[in-house]
């Protein structure tokens, strides 16, 4: 009946990166909130009652990136060296892109993805009085640089 | 040159709900991680090196729901009364559903959506060594009950 | 040599409010950042390199109010029902006012004060490249309503 | 191969307490740090280089109680209405007792236990330069009152 | 009446480690939850109503290790490079061991101890419906390596 | 109608410090709580009902310094290497000074300022039953050392 050494059979662990050198790494992630024309227009016009959607979503993204290791159980806590978030009005809603950098032994893909999702959730929150049927779509890694596994880009990543 | 009373012109605020009665409310949100057949198989087989993906994603979802007001700037902090997360293997990856309940003056849509995104991010994190091109898709509200605005379901929400 | 029952002699405790009814309460706090004319102008013009100071300070204030019980050891955690922050350009810098409300057994004075200080710290952070000698002054309670001790206003509180 | 409805077979969930009335509840937990005579003496004399051990441990306990739902995955977040921590010098080290109260639909046993462990960990941290072999022992619930399951005391709980 | 320079007389401080080189360090801590045969059996059988105890306790341990500096006042925040948790069914309950590593100027003893206590608290939380009299016992440091003070093992640490 | 590349026009960002070397840096900030003679006396006498004000404020300051990047949106998270807080009874109330150090690519001015404000807020919280009209005044940077911009002192900083 022993549960002994459950680690051998699929138990969660924070992977040991102590042998990896601290090098410069960056990641870019993207995603979008698909919404009604009315919601999109209200965001563009700045008439959402809860306030300026883009400004709030941007701060939410930056703050969430710093909380990544608190939100995602097996992520290593790491010191971010920079971060920026970009928003674009697309035909079907709002597109979000986040770029994060660090100098550490592991990459910042999860920080960039977490930032984008926090921005999208904030947009949903602020506009949901207008449109409850909004959807968050296409959250994905667009690009990463640095680290042992090298650079990587999504096949169809925008420049 | 005064910025006086910027609140009048689009500034973010936490909406006053002090006049709303504390009533029972619930929300269900869903989403999915679209991935390669290889990644999907490794999750199903429990052979992901970082450990049991579903168990970790489930705890991540529950913990993130409790942090919603910390992640989304204008959300009210509120006491959750219950929460469950469900995972299904779909043809193209893993589907996540989260149900959250409270007895409070505002709803838990954002808590359900935050739970689902945290689960999806955790799945991405644990399987990204196999497939970096995974995408988080279709994060949306499926159903809400309770509150002044009444019940609501997505047009095509599964039962 | 026993330390026995140190509680009797000045030990910190979270005061028991379980006998107090949950009633509607609000508090308004104010404060200001005194700065050089150059820094003040850059904030007014929106030319601070770190970005829009007021938008960031506003979100910082709202988020900090929710973290009050985490920052101030003996504060009770409580569910905020509403919050707004106001910024004004004064002759010597930027003035901040925060209003917070709850329906609970204790007041929200500390939440309002914490919000104002977080806004002031954020202003300092964003403008410090221009003026390191800025000072945060006059953080104080302006008004509180509700609760057993009743309403209270600072002698010279602005309307 | 479906993982469908894993909830049926042992998956973690936050138990639904929405049907339980908010009533007054309290819990008392205890524990102790067993240490060398030298470490015990240094704490009693206030000569630990890191500073006043008891004052730090007390604040740590209060702050940790408020973070219980963040530390223990399936705990409900709840509004504490009061809390006190007591320390006694015992023959073999330091004894800690924590009492927590709430008015909510579930009890505060975990909050009391979390407070005691945080106090014990803080004592260990501050005295470990003197004695690395300290042990935290006997963390347990001493008493609970209120709630549907009624009052409960450990068989040998001190008065 | 001055409190001047209270630091000289026992005030808490975060010890200055800026002169210490960042070197590889690790620590292993252990502890156990002593429980009734019924509770132990339910955990082994996976029939605890709240869900899979070991999976939840493991994630709780990993997440708590990352929060150590937030729980223990004088701990330095530090970047963990790896972490694993092991559970064993013992005759009297469940034994927990946690191993943590970092490359930093101070050790990770507190992170390992915090991880073990969080796991034990989670086990208590999930099984307390069956046995309220469970006790957390024997939380202690088993081994540390690296750092100026060198390696250390508890006299009777298991291999 | 595109919001495209809002970053170009004043959007908040976390400044990229990845090119800056990790060097030793320190900062000292100060501030004070101005209060009635009665409140000041109660703090000096240790007769504040909530407990030992200075001990609680000191821990609050240390804990808040570690949370700086969580409170101030554009601050980089960074590993503190040391911290101390000092309190003095002044004629008009209590003066607080905090010193923080790190070895990192950016300075710790905000950490020192955040520590001082958290200490002041805690003093206010604990003494507000005696004096609601207390004011937090003169929060400012006194000194910084290290980093590319070099050392800096306030014109009238005390030694």
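The first chain written gets the first letter, and so on, giving A, B, C, D, E and F; residue counts start at 1 in each chain.
Following the convention adopted for this analysis, a residue touches a chain if its C-beta (ideal position, glycine included) is under 8 Å from a C-beta of that chain, and two chains touch if they have at least 3 such contacts.
Please read these numbers as outputs of a predicted model, since none were measured by experiment.
Which listed pair repeats A-B comes down to matching contact pairs by residue number; over half match for C-F among D-F, B-C or C-F.
Comparing chain pairs A-E and C-F by the number of C-beta pairs in contact, the larger count belongs to C-F. Two copies of one chain, chain A and chain F, form a contact in which under half of the residue numbers belong to both partners. Rotating chain D by 180 degrees superposes its CA atoms on those of chain F, with the angle stated to the nearest 5. Centre to centre, using the average C-alpha position, chain C and chain E are separated by 35 Å. Put simply, the C-alpha centre of chain D and that of chain E have 14 angstrom between them. Here the spacing of chain B and chain E, counted between their Cα centres, is 30 Å.
Multi-chain contact residues of chain B (touching two or more other chains): 11-13, 15, 52, 55-56, 59-60, 63, 67, 70, 73-74, 79. A complete list of chain pairs in contact reads A-B, A-C, A-E, A-F, B-C, B-D, B-E, C-D, C-F, D-E, D-F, E-F. Residues 24, 44, 54-55, 58-59, 62-63, 66-67, 79-89, 94, 101-103 of chain B are the ones touching chain D in the complex. By the touch rule above, chain C contacts chain D in their complex via residues 1-7, 11-18, 69-70, 73-74, 76-79, 104-105. Every residue of chain A that touches chain C in the complex is listed here, in rising order: 52, 55-56, 59-60, 63. Here chain A touches chain B in the complex through residues 10-13, 15, 31, 46-52, 55-56, 59-60, 63-64, 67, 70-75, 109-110, 113-114, 117-118, 120-122, 124-126, 128, 132-141, 144, 152, 154-155, going by the rule given at the top.
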